[in-house]
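Got a structure for you, questions after.
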Amino acid sequence: MDIKILQGIISLIIILILAPLFAGLVNKQKAILTGRVGAPILQPYYELIKLIKKETINASSSSFISRVSPIINLTSLIIAAAILPVGFWKPLISFNGDIILFAYILGLARFFQILAAMDIGSSFEGMGASREATFALFAEPIFFFTIGSISFLSGYTSIYDIYHSIQLTNISYEVFIVICSISVFMLAVTECSRMPIDDPNTHLELTMIHEVMILDNSGIDLFLYQYSSYIKLFIYAILEISFFYPFSQQSYILGIIIFITGSLALSFTLGVVETITSRYKMKNIPQYLLFATAIGILNLLIYTFTK
Amino acid sequence: MFGLFIFILLPLFSAVICYFIKNLKIQYGISLLVAILHLSLSLFVFLGIYHIQLPTFFSIDSLSKFFLLILSNVYFWTVLVSNSYLKRPVIPKAEGGKKYYYMLLNFYLTSNSAAMLSDHFGMYWVAAEATTLSVAPLIYFYRNEEALEAMWKYLFLVSIGIAFAFIGILFLTLSAKGTTLEGKQLFFWEFIRNAKQLNPIWIKASFIFIFVGLSTKIGIAPMHSGDIDATSNAPSPIAALMSGSLRLTALIGVMRIFQIIRQTSSYEFARTLLVIGGLLSLFAAFVYMFKVNNFKRMLAYSSVEHLGLILLSVGIGGLAFVGAMYHTVYNSITKIVLFLMAGNIHRHYKSREIDKVNSALNIIPKTSWLFLIAYLAISGIPPFGIFFSEIKIFEGILFSDKPYVLGFVMFFLLFIFVNMGKAIFTMLYKNGDNQINHSAERFEITHLNAIILLILLIIISVVSPDILYVNIINITKDFGLNL
Amino acid sequence: MENVLSILFCLSLFYVAVTWRVKAYVTVLRFQGLILAVLLMIPFIYHFSIFGIILPFTLLLVKVFLIPRYINKIILDLDVKRRIEPTIQQMFFLLLVIVSMIIIFLVSNIISQKTPLDVIPFASGFSAIIVGIYIIMFRKKLIIHVCGFLILENGIFLFSSAVASEFPMMIEIGILLDVFVVVFLMGIALNKISSTFEGFEVTHLGRLKD
């Protein structure tokens, strides 16, 4: 087999295995910051294993969508994970223009999740679905303006090529990258339903957004949904960390060290942000997202006009 | 250096002295002395008896000589009246404000002289901003709610306007990039001499910004609201000062940039803008006069009208320009009389509304007669000066390339005259219920001022001294208009 | 280096457009003052001169210390309610700011092909002027109007550094002093307004209409 395909498969497996670990890290950080001992770091794995053993029940008013959607979710996320570069290896799926595929595969996953939520027939899930759809609408431009501005700058359209062309040479480029990473952080917070957009621990009906969509699922369906949400969080974490990779030097040791420290730092930041901020009012969230878009647009403007 | 000292530094010193001395009479004496010195020196400079040398950033040419003389004149008569004015009773909160009055007046003189004499756009800007700062606390003299609101509006709107003018000045430097003027630091004469090399887009943008920004200070529509509120709520000597001289300080800025733009290809654009601005102001005054109910506000709108007429004539050029220069002098003098008399009426009737003022001619005859004569003067009745200047303006407009403007001007002026007359005759002749017990009127210094000023007005307009004519012709030569 | 500082300046403008707190305006003013002072000190890193360091130092003093402290004192004295009540919906304001910024950048790019100027500080300065005007138009509290005016002045300053006009130092200091005294007078006026009227919103100032 070609070494590149092997490398691609290994990176995909790494992402799939390490995803729940990252979520566990974030939860542990949150617990430590609030003064509790908290669940062990490997807790997400135990939860997933527990869910496999449980029985799957579907609502009597649901159709085939509810049975199909969890699988589509996981599949789309695996495909998205396959597009992402981990370290210096070329990912499994990489071609010109795969940013669009990346964004819209994630969009497909969300689309089916929303459909499944509405399919159950309860107004609870419908409310969550409508909120999720609105915020996703505002979050989409952030991705395109941020990653798009880097792609505009470097001239490539494949995620792997874009990240590889980031060279931290002069200071304005560094500031640019830092600002982009802030923007992607805000995007990550939105897409993965973290504070200050959505509280993953709340189960009050007025305040849930993402949790409410999977409220009525159990067993294998819930396993698939939970696992896909962990993978999604990890994907965005890698997107964020890869901004700071020294792609110009091909040193594996340095890469692994940066990967580990980056994940730790990012989970710490996420934990801090989640602990400190409270959830924004629903009507202020579009403005928060527009702010992230504005940062992206500003970057685009400035760097097109200095070229 | 002597010139700089008398014109600019001496009032500054006296402002500082007035801050420390508590006795109002001594402050009055010092300010009056400074005013007399200022007036005599500017008169000598104007008549050509004395030539002064000024350091960098300042220079003197025919336009600044002329406007400086008007400034000194208005300031002198205002200070003369101030002593008796400050003796009038005011609400107790305002007593505390009296001790700042002379300090601010002197500071006003400094900043205005600096602005008139300045040679450099940056210095002009700093001085113009300083004049706003010196006038704003004076507007708040009465310490009531309307005065407060007027001061806030004036300070805020004029500061924003002057910030816009600063943007215009920056555009001016931008227009000089790549030419020999680069790095020459915005001196007027450098720019005027080399105006043909300036970039036309930036000159146009610069003119728009400076004109719009300074029009808040001149009081031209559509940015006249701050100025109107301030003039109608300020005490009458201050209102006279503002109408007579503050507007001219802003006008000199517009005229300087107009002088520069005259030599470039954007000349027609600038002329059109000035004409439009003038017509809009006349229109604004025309509309207001139909529903006038506050006589001080009416006088403020009359200032808007006359400054609009001046700006219009500057834009038209030719004989109208000469008329505009005469008009500035006559307008300032007449406005002093009008505002002082209005102040007297306000004091007697304790209200600024026209409905509350009845049969003034019987109750306060001296003030009313002078007010009536001043109204006739400002409307253009001979032998008062405005008649002569308006004749020149009309003739100039008629023989220019925009004769249709004359129709509008005359239409507006006619209705303004009619409505103002209606208001004033109501105040003077209408018999109301005589419930207010009026004391007999005494002959005060305001009346003496008014009489002297009216006689001065007649003398200047009828005798038309040669030196004035020669100076104005020099100004028109500077502006390149051949008669 | 100027580009980086201008980007940070624009980010602060976005923050001003989004925030609901009154004290955030003062923080933004401090931040912008700091950026401007650093911008002025850049040419002096290489050849240090005592004469040239006076202006950035005064700028720092006035814009970062004196004026924000004075405004904070006013906010404290007048017990201004700490929350802004805007006149249009908050999100549209940000959208308006973004659209204006895009237009300004495009226009300055077009202009810079005819006249040589630094595009980014020019466009940032101009957008600060526009944002200052929007704040004055669309906000109700008077102290916010004063902050909007100061943002306008900051924009003019940035703009003038882009245009690279050689203003003599005296004039620059004169400009700074003028701004400071204007703010001082506005503060006094606001003090008096708060003690005569009940609130200090623009809607209360309506007595002097025709």
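The first chain written gets the first letter, and so on, giving A, B and C; residue counts start at 1 in each chain.
Following the convention adopted for this analysis, a contact is a pair of C-beta atoms (placed from the backbone, for glycine too) under 8 Å apart; a residue touches a chain by one contact, two chains touch by 3 or more.
Values in this document were obtained by computation on a predicted structure and should not be read as measured data.
Participant: Taking each chain's centre as the average of its Cα atoms, which chain lies closest to the overall Cα centroid?
Facilitator: C
Participant: Could you find the chain whose CA centre sits the greatest distance from that of subunit B?
Facilitator: Measuring from the centre of subunit B, the most distant chain centre belongs to A.
Participant: Where is the C-beta contact count highest, in terms of which two chains?
Facilitator: Result: the chain pair B-C has the most contacts.
Participant: Could you grab the centroid distance between subunit A and subunit B? Build each centroid from C-alpha atoms only and quote it in angstrom.
Facilitator: It comes to 67 Å between the two C-alpha centres.
Participant: What is the distance in Å between the mean C-alpha positions of subunit B and subunit C?
Facilitator: 31
Participant: List the centre-to-centre spacing of subunit A and subunit C in whole Å, with centres computed as mean CA coordinates.
Facilitator: Taking the mean C-alpha position of each chain, the two centres sit 37 Å apart.
Participant: Along subunit C, where are the residues that touch subunit B in the complex?
Facilitator: Against subunit B, the touching part of subunit C is residues 111, 114-117, 129, 136, 142, 145, 149, 152-153, 156, 159-160, 163, 165-168, 171, 174-175, 178, 181-182, 185-186, 189-190, 192-193, 196-197, 205, 207-208, 210.
Participant: Touching subunit C in the complex: which residues of subunit B?
Facilitator: Against subunit C, the touching part of subunit B is residues 120, 122-123, 125-126, 129-130, 132-133, 136-137, 140, 145-146, 148-153, 155-156, 159-160, 163, 166-167, 170, 173-174, 177-178, 183, 185-186, 199, 201-202, 229, 232-233, 288, 291, 297.
Participant: Provide the residue numbers of subunit C that touch subunit A in the complex, in ascending order.
Facilitator: 1, 3-4, 6-8, 10-11, 14-15, 18, 90-91, 94-95, 97-98, 101-102, 105, 108-109, 119-120, 123
Participant: Mind listing the subunit A positions that touch subunit C in their complex?
Facilitator: Touch list, subunit A to subunit C: 171-172, 175-176, 179, 284, 286-288, 290-291, 293-295, 297-299, 301-302, 305-306.
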